[in-house]
Amino acid sequence: MAAAPILELRGVSKSFGGLQVIDGLDLHVNENEIVSVIGPNGAGKTTLFNLITGVYAPDAGDILLDGESLVGLPPHQITRRGVARTFQTLRLFLNMTVKENVMAAAYGHTKAGVWQSMLRTPAARREERMIRELAEEKLRFFGQRLMGYRWDQPAYSLSYANRRRLEIARAMATNPRVLLLDEPAAGMNPKETHEITELIGQLRTEGGYTILVIEHDMHVVEGISDRVVALDHGVKIAEGSFEAVATDDRVVEAYLGTKAAATK
Amino acid sequence: MDFFVQQLVNGLTLGSVYALIALGYSMVYGILKLLNFAHGDVYMMGAFAGYGVLIALGGPYDLTLPVVAVIALMFLAAMLASGALGVVIERFAYRPLRNAPRIAPLISALGVAFFLQSSALLLFGADFRSYDTYEYVDLAQGIHVGPLNISVVRLLVIGTSFALMIALTLLVSRTRLGKAMRATAFDREAAAMQGIDVDRVIMATFFIGSVLAGAAGVMVGLVFYKVYFLMGFLAGLKGFTAAVVGGIGSIPGAMLGGLAIGFGEAFITGYVSSTFQDFFVFAILIVILLVRPSGLLGRADIQKV
Amino acid sequence: MDEHRKEPTPPQPPDTTREGGPRIGVDEWVARSGERITRRAGWTAPAAEAFERVPPWARLALVVALAACVPFVSDSEYVVRVAVNTVLFGLLALGLNVVVGYAGLLDLGYVAFYGFGAYAYAILSSNQFDLHWPTELTIPVVVVASALLGLLLGLPSRRLLGDYLAIVTLFFAQIFVVLTTNADRINVPFVDGPVDFTGGPNGIAGVDPMSFFGIELSRVEHYLWFSLVVFTVVIVGLHLLNESRTGRAWRALREDPLAAELMSMPVNRLKLLAFMFGAAVAGLTGTIFASVQLGVFPQNFDLPLLITLYAMVILGGAGSLPGVVLGAAVITISLELLRDPGNARLLFYGAIVLGLLAFMRPWTKLAVVAAGTVVFGFVAYFVVDAVHPAWTAGSIDGGGLGGLLDGWVIHPESSVRLGNGAFVLLVAAVIALSQLKGRWRLALTIPTLYLAAVVWENRLVFEPSVTRILLLGALLIMLMNARPQGLMGTSRVEIV
């Protein structure tokens, strides 16, 4: 376990105007680990994802993937290096079909240029087939739900839970090493939540991904996490196993207020 | 030296006019995130409305009322006509598209702009109409101190412009409507939930912006005499540039941007050539958008991901 | 340990193995039910369905073949020229479709690339600088140069949001016009006297016709066939591109640029690529235009052209290749018809009748409106004739239809002032109509239709160049309100 972490944040800070959203954050994720990030709303969790994926640049600190800095790279390059994400508020390509959504994300690791595409060279056709098979493979991961006739339906025709699954499939199509899942179980009923929990585990074992999850639903966090990191006001207040973090005074205080901690 | 001061005066005059047009763009963009292409043509219609009043009152050769009254009526008519036109445009072409994809109101605005332009061509013809201000105003009057020569008309324009801008600033910062406008610009949904009648606020914004544009139209007529159906297009582009330079969505920004563009254009016309004034303004737009897209006084738009 | 603390238990999924319980896959039948029920309504249905059964390449071949036969069907050179114009507009619409329909970028400076291509060809193949390059060389050079120009314009624009991009590109189009009109007296270093680059307001005349490997395109028909070949190549190429990784990336960019960027698509580079493609197609079309017209002038590439082009793309449906071509055809032909008062009349009244047929249902309502308008017209004419005979003294020429209208539409001798007044009234009436509902709306429709006829006969029919812009502007507004996806686009879902 002495291998260097695959994803590492060192002293990362970010402020917007006068508001310090992330403050001197150190975080690391080891290969094939599932780490959950928890914290009350406004703790800076989605900003954390935005910093890692390059949507914002940190004011200070460094973000390393496999030891190489990601800071300053445009987001599409960070994705190509191996970091993919889903969105808290779902950002699918609604008017494209289910399959096209996933195929589109394969752009970064394919190279058929404009001329090859227009002339339908053998290399281009081979690559197109590969992309299609890749998309089908990723969609198959979700069982029957995103299979068959669904492939050619526009994404806006999917139910909410299926949209969330599609977004994960799309992220998988970029062939990442690290998956950042932003509240994957938000808005799901208990059955769907259970499925997502199992799915995240499968992503690690069958897919081989390293996963960083933002989640509010403690059932999910408990069910999946190797390690939990708790944030509040942009600062790490606890880290460790689920039991350790869930019972940590500062965490309880952040979620429930000081009195609750006192009555424990 | 004389020449320099003259360009300064020109710049101030032009700048006040651009500022008024820029304000309309900025306000509408701040509230609706919409670029109202038709704004320039509202300005054009205001200029024609003023001209219509001038003719109706016997001008430019034989005024039936004292000059001051005529000019006041011209302003009034232009401002009211433009304001009404702005409100109608909003109601008809933009309101139904409030929740449509972003490109829809832009295309609609484009359609309105061309419709207005061609309506003006149809109704008023292609000829230039002239305010011929020198016929009823003694342009020799004014301030003539050393190298400084400002005719009374330019003084009027600059003065009225600043008065209007001050009035607007007071409106936005001191009145309930102003507060409602600021709130709606900040977050339309939240404002609606606070009990603000968003439709009314938007209508008021269009009205005010168009009123200012109408005033600008009469001013241009008085100072430069010529009004014609195409005048809205270029003025609109430059007014928009001024709004962007100052920071779109910001009222003081629009004023500052207007003055900046006005001064710049005056000096380029005076010292280089008038053919290149359009290039100059275009170049400024590109530079600002590249270097400081939020403009001189604007805030960077924070997009929540 | 606190007895109030419960052990958290994971939620249990409901049992799906019971008989009669929900089964995965069952909803497929339900989901597919929409496919079975969809059948087009209306009298155009059998035609539309037959059309859809023909495979796309056959449809293209059919349309191109029909177009190529025009010179054999008609002796008039004018008709063939209109056909060439239609194809050229179709090409422009295809190029604009890449920028607006695929990548979702509002490029209002598009006509500048068209003009650039035309002027570049003109400069390289005319007496302007006494250059007469061979066409086989000129065309590729101009196309590449246009693409580079697109790159140049795209570079500062790539970080711009849609609205800003629109204004910047619009400004660029204006700059282009100013440049071409004034570039006849440019002082170039090391050269004596001012250089005339573009011929100024008079443009460049005497442009060489195209010739390939010795065969010169000397007659209009040749240009028709040549442009049809180019058109076919471009539309096939664009279709193939759309179905590829680049096309998917463009569409993703149009949907959600941020999500696209985060899904490994280099959004800025893709925008530039779209710009360059659009510019290249426009430049290519420009070369054909310059050589078929044998000259170029600044007013060929002004703003009215831009709005015409946008109307074509929007009417057809941005994003749909066959759609924009259809839009180009419909609008080009309509605009040609507008030139001649007799044809224009047919077009105008025909469009009104079509519009009523399409939007007024049930037919009882339609009958009421139609009859009401006719009656209203006669009554109005009669009343005005009695009260103010000077107002009906004029006459409407134009044979058949004109004669019919003569006793129906109010028409004084000098009709300008009446026409203008009626125009203002008409605009007010239409705006009022949009705010009314139910019986009031129905009632107001009748005088509005009559007013439209009055305005048409008294003013618009005599001013085709103004009328076309008026109608195009109105068309854009109406399209956005009623059918933003145009004729053949698919209605889109947007995140607001």
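Per-chain numbering from 1; labels A, B and C assigned in written order.
We adopt the following convention: a residue touches a chain if its C-beta (ideal position, glycine included) is under 8 Å from a C-beta of that chain, and two chains touch if they have at least 3 such contacts.
These numbers come from a predicted model, not from an experiment.
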* Furthest chain, CA centroid comparison against chain C -> A
* Could you say which chain's mean Cα position falls nearest to the mean Cα position of the entire protein shown? => C
* To do: Just give me the whole-number Å value for how far the CA centre of chain B lies from that of chain C.
  => 30
* **Distance from chain C to chain A - Cα centre to Cα centre, in angstrom** => 42
* To do: Could you give the separation in Å between the centres of chain A and chain B, each centre being the mean of its C-alpha atoms?
  => 48
* Structure fact -> Residues of chain B that touch two or more other chains sit at 305
* Going by the touch rule set out above, which residues of chain A reach two or more other chains? -> 55, 87
* For chain C, write out the residues touching at least two other chains, lowest number first. => 258, 492, 494
* Structure fact -> Interface with chain C, chain A side, in the complex: residues 53, 55, 74-77, 79-80, 84-85, 87, 91-96, 100, 103-110, 112-114, 117-120, 124, 127-128, 131, 143-145, 148-149, 153-154, 156, 170-171, 173-174, 190-191, 193-195, 197, 218-219, 222-223, 264
* **chain C residues touching chain B - in the complex, by the definition given at the top** => 100, 104, 106, 108, 156, 159-160, 162-164, 166-168, 170-172, 174-175, 178, 182, 258, 303-304, 307, 310, 314, 420, 423-424, 427, 431, 434-435, 459-460, 463, 466-467, 469-470, 472-477, 479-481, 484, 492, 494, 496
* Please name which positions on chain B make contact with chain C in the complex. => 29, 33-35, 37, 88, 91-93, 96-97, 99-108, 110-119, 121-123, 233-234, 237, 240-241, 244, 275, 278-279, 281-282, 285-286, 289-290, 293, 303, 305
* Asked: Which of the residues in chain C end up touching chain A in this complex?
  -> 2, 8, 10-14, 24-25, 28, 31-32, 237, 240-241, 244-249, 251-252, 255-256, 258-268, 273, 277, 490, 492-495
